[in-house]
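Two complexes, one shared chain (chain A), two partners (chain B, chain C).
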Partner chain A sequence: MRQQVVCFWLQLKILLFSPFEGFLAVVFPLMFATAALLVYQVNGDPAAMLYAGIGAAAMGIWTSQTVSATTLVQRERRAGTLELVVAAPTPFSLVLLPITFAMAAIGLYSVVATILWDWWLFDIALQVENWPLFVLSILMAAVTIALFGFLLSVSAVRYRTSWALGAALEYPGWLLCGFVVPLDLLPAVLRPVSWLLAPTWAVEGMRAAAAGESPWGDLAICAAVGLAYAALAAWLGVRLITSARRDATLALT
Partner chain B sequence: MPLTETPAVEARDLRRTFRTRQGALRPTRRTVEAVRGVSFEIAPGELFGLLGPNGAGKTTTIKMLITLLIPTSGSASVLGRDVVGDVREVRRRIGYVFGGDRGLYERLSGLDNLRYFSELYGVPPREQKERIGSLLELVGLTGREGERVEGYSRGMRQRLHIARGLLHDPDVFFLDEPSIGIDPVGARELRATIAGLREQGKTVLLTTHYMFEADELCDRIAVIRSGEIVAEGTPTQLKQLVSAGRVLEVETYGVSDDAVEVARGTGGVRSVVVEDRGQLQVLVVSCEPGAEVTQHVLAGLDGTRVGRVSHRDPTLEDAYVELVTR
Partner chain C sequence: MTSARIFFIGGLMSYRALFGWMNPWIFVPSLLVSPVCQILLFAYIGRSAGVGDDEFYVIGNALNYAAIPCMFAMTFTIGGERFAQTLGLVLATPARRIPLFLGRSMPVIANGWFVAMFGVVVGSMLLDTDIPGSAWPLIALVVAVGSLASTGLGLVMGAINLVYRDGATLGNVLFLVLLIFTGTNVALDDLPGWMAAVGRWLPLTHAIEASRMLADGAAWGAVSGLVGTELLIGVGYLAVGLSAIRVFEWLSRTGATLDRI
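Let's look at the complex of A and B:
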């Protein structure tokens, strides 16, 4: 536990000192929210604006997490630290986990910043019936998106170009998770993909809590899917590291 | 004959093959044998040198021993633990440092880097502060530990690497060209640190390009060439491989390949190496004992501008060059 906490804190320090990640975290979520809300503003429907405002808040975490998480291992490679952390006695999954949670902490900022931005620029006042459950839903979104990023980053150990996967998933994720477009509008064939993405359930939970409905069902599914990500990542981690040691892909940049 | 009943490091017919693929439409596959049947033993407390030119297989050998690469065939153990089957235990008991600028978190301070790796290497929290303090003292970074690593000189980074590698007090220490790119003063300090490790009873495997470094530090040396060990022994024993002869050095300006081949074909000549020294090319000719080759070599240089001609006794570097160019 101590290892997780200390490594989380030190990785958060690295992220906070990074101009690139700082730029992503500060500016991008606000730009995405602005774009989404400008589209919704055309109808002049306050309920639709609230819908989009909540979705836009989660959109920022998704973007910062999926892109950053897949470049995480590449960053370690470039720094020459990947081999060192792999050669440590600590299981590699436990090395990556605090890094992804440090990214989730940055993602949480984007939620708060987006909500304030929505209020300041678009005059959207969040009307939340159940604040504790709303906050819990946000935390669930941050944690499960971090776990999804964790799963993606593990795959990058073996496959050097899998960092591109994060970038490729960024925009489809906005649609598939129902951040700014209702899932009912998607083709039926894509719905199972949405159900496999934990943020879909977290955002549903946020909206339910805001509307005064029970979010527990959504949050339970969200937690289960998130845990499945973690278990899959831990299982894959061992196998992909062994594969990387066999195929000599750890040191390649 | 084994050196001891339980060597600290043991490699038995270690092999490693890399497969590469090039081209998208018509991919061509290539197989490179980086290490071809390397065997050696290192006794506990011994400082063992692995010397060889670039691409000889030194780093690949070390990476197999520290569990970062799985051997294609053969076996290796560290402190009796198999490097493939007992990975966690091997990792607990070894330290690894490589040369160059990389391998540290630039945006963290030296102290935070050591704290981070202390956690990953399972250094008990109560011991961390004292351990880090004593290691900073050992590598001469006390007072600079609060600065971010991005502001460190190459020598400071290398010393921080050494401290990182020693955090968990490993029994066996692998140093892969640790002095590369360090200025002479820094390299001297580094050699003193490495010598100190041996005095503490650590087993050290060191790879280096610098012969004087190997000569000064190593108890035994193995010379590796094209993935195979071509000689092994104490520095004195290796020097004796060529000490029975003499070395002729001829300074030339613009020596041709044909002239070098003529020198190589001269009776009594063991090897010829051309060293570039500014505008000069120096022919380093290793000769058999009693062989008088000077006139023949100079005759072969007809038409080439020749400078100073001298003779000297062979050094460890001559032994090394002869071994890797045979």
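Let's look at the complex of A and C:
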């Protein structure tokens, strides 16, 4: 537990001082949310603005993981610390997990910034019927996206240019998770992909809580999918790291 | 003759050596998949909001994405030299700066044009938009002018990169400015007045507007003014970039910060 807390806190401080992973992880989704809300504002429908405003608030949690999580192992590699981390008695997964949670904490900061920005710039005052469940839904989004980031970071362990993969996941995630577009509008063939993404259910939960409906069903599915990510990442982590050590490809040089 | 050699051969060598995106593992996800995904994202936002048609978002976002290769490549042609510890050697040569840096911009413009056209073609196919066949050659020409203008802004960024190290962050911020202010997803008439006014001084704004008009069946005469303005803006940014390189190069020399990573 101490290792988790220390690692989380240390990584959070590193991220906060990074222009790319701290500043840009907030500004990038904020500006895309602005662009989306500018489109919605053309017709000036308050209900549509509120719908988009709720989803746009959570876009930053997704962004906090995509590029940062896929490049997590690569950053350790460049810093020359990957071999040390892998050789440490602490399981590799337990090193990665608090780092992705630190990234999710940046995402939570982005949520607050976006809500204030939307209120200031677009006059969108979030009308939420059930604030505790709304906040719980946001926290569920952060936790499950952190677990998705954990899966991404493990999967990209042998991908030298993993940042490109992370950058390419940004827009599909915003679209498929229904942050600013109703899933009903997407082609039917893509909906199963949306269902496999935990943030989809968290965003549904946020909207349900805002409307005064019960989000528990959505949050339960969100938790289940998030746990599946964690289990898969833990399993993959052991195998991929063992393979990299056996083949001496950890450094990718 | 020497200047021509520096312009063409030096530019091509620099591009191949420093622009790491030639690697397909980077090029495909970053410059082919991402622009198409950005097009789809905003096309569906437009459908959800009931604003504009698919063609509007295909053209806006495809051209907007040309800014990524154009701006980042120009920045990295300077940042990459610093990282390789060769920036001092480049700037110590007697080579004239105009062919040296403009030569580096030519492959960048071509790459930006390809990325934008790929976005327009694939986005049109996926969303089944109806751009008349006769409009395509002129759209290709306008996209080339837009790429040139974006590269001009990239040259300014490259100059700033002589004194400000984090080119990736700066590039992303400028890309976001272009996304919001150039009418990529909201027509200038629908943007607040001050935003539209800023947008008219940025690269891509006029190219996007001209391309949309061509796709709607406008003749060349109707858009030639917009294309001319875009070209002027691009040349203006190139001139500012070359001047800024002179100034920042001098500042870097006096401060002995040229090779600081």
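Just so we're on the same page, the second predicted complex is superposed on the first by the 248 of 253 C-alpha atoms of A that agree within 3 Å, B and C clash if a C-alpha of one lies under 4 Å from a C-alpha of the other, contacts with A are read in each partner's own complex, and residues count from 1 in each chain.
Operating definition for what follows: contacts are C-beta pairs under 8 Å (C-beta built on N, C-alpha and C of every residue); 3 or more make two chains touch, one makes a residue touch a chain.
These figures come from a predicted structure and were not determined experimentally.
In the superposition on chain A, A:Phe32 makes contact with chain C only, not with chain B. When both complexes are overlaid on chain A, the residue A:Leu175 reaches chain C alone and has no touch with chain B.
In the superposed model, C is the one of chain B and chain C that contacts more residues of chain A.
Of the two partner chains, chain B is the only one touched by A:Thr90; chain C is not.
When the shared chain is aligned, chain B comes close enough to touch A:Gly80, but chain C does not.
In the superposed model, A:Gln127 lies in contact with neither chain B nor chain C.
Applying the stated contact rule after C-alpha superposition, one finds that A:Ser214 touches neither chain B nor chain C. Only residues 23, 25-26, 29-30, 33-34, 37-38, 40-42, 44-52, 166, 168-169, 172-173, 176, 179-180, 184-186, 190-191 of chain C touch chain A when the two sit together in their complex.
For chain A in complex with chain C, the residues that touch the partner chain are 19-20, 23-24, 27-28, 31-32, 34-36, 38-40, 42-43, 45, 48, 52, 159-161, 164-165, 167-168, 170-172, 174-175, 180-182, 185-186. Put simply, chain A touches chain B in their complex at residues 2-3, 6-7, 10, 13-14, 17-18, 79-81, 83-90, 95, 242, 245-246, 248, 250-251. Interface residues of chain B, counted against chain A in their complex, comprise 18, 63, 66-70, 88, 91-92, 96, 98, 100-108, 112, 115-117, 119-122, 125, 164.
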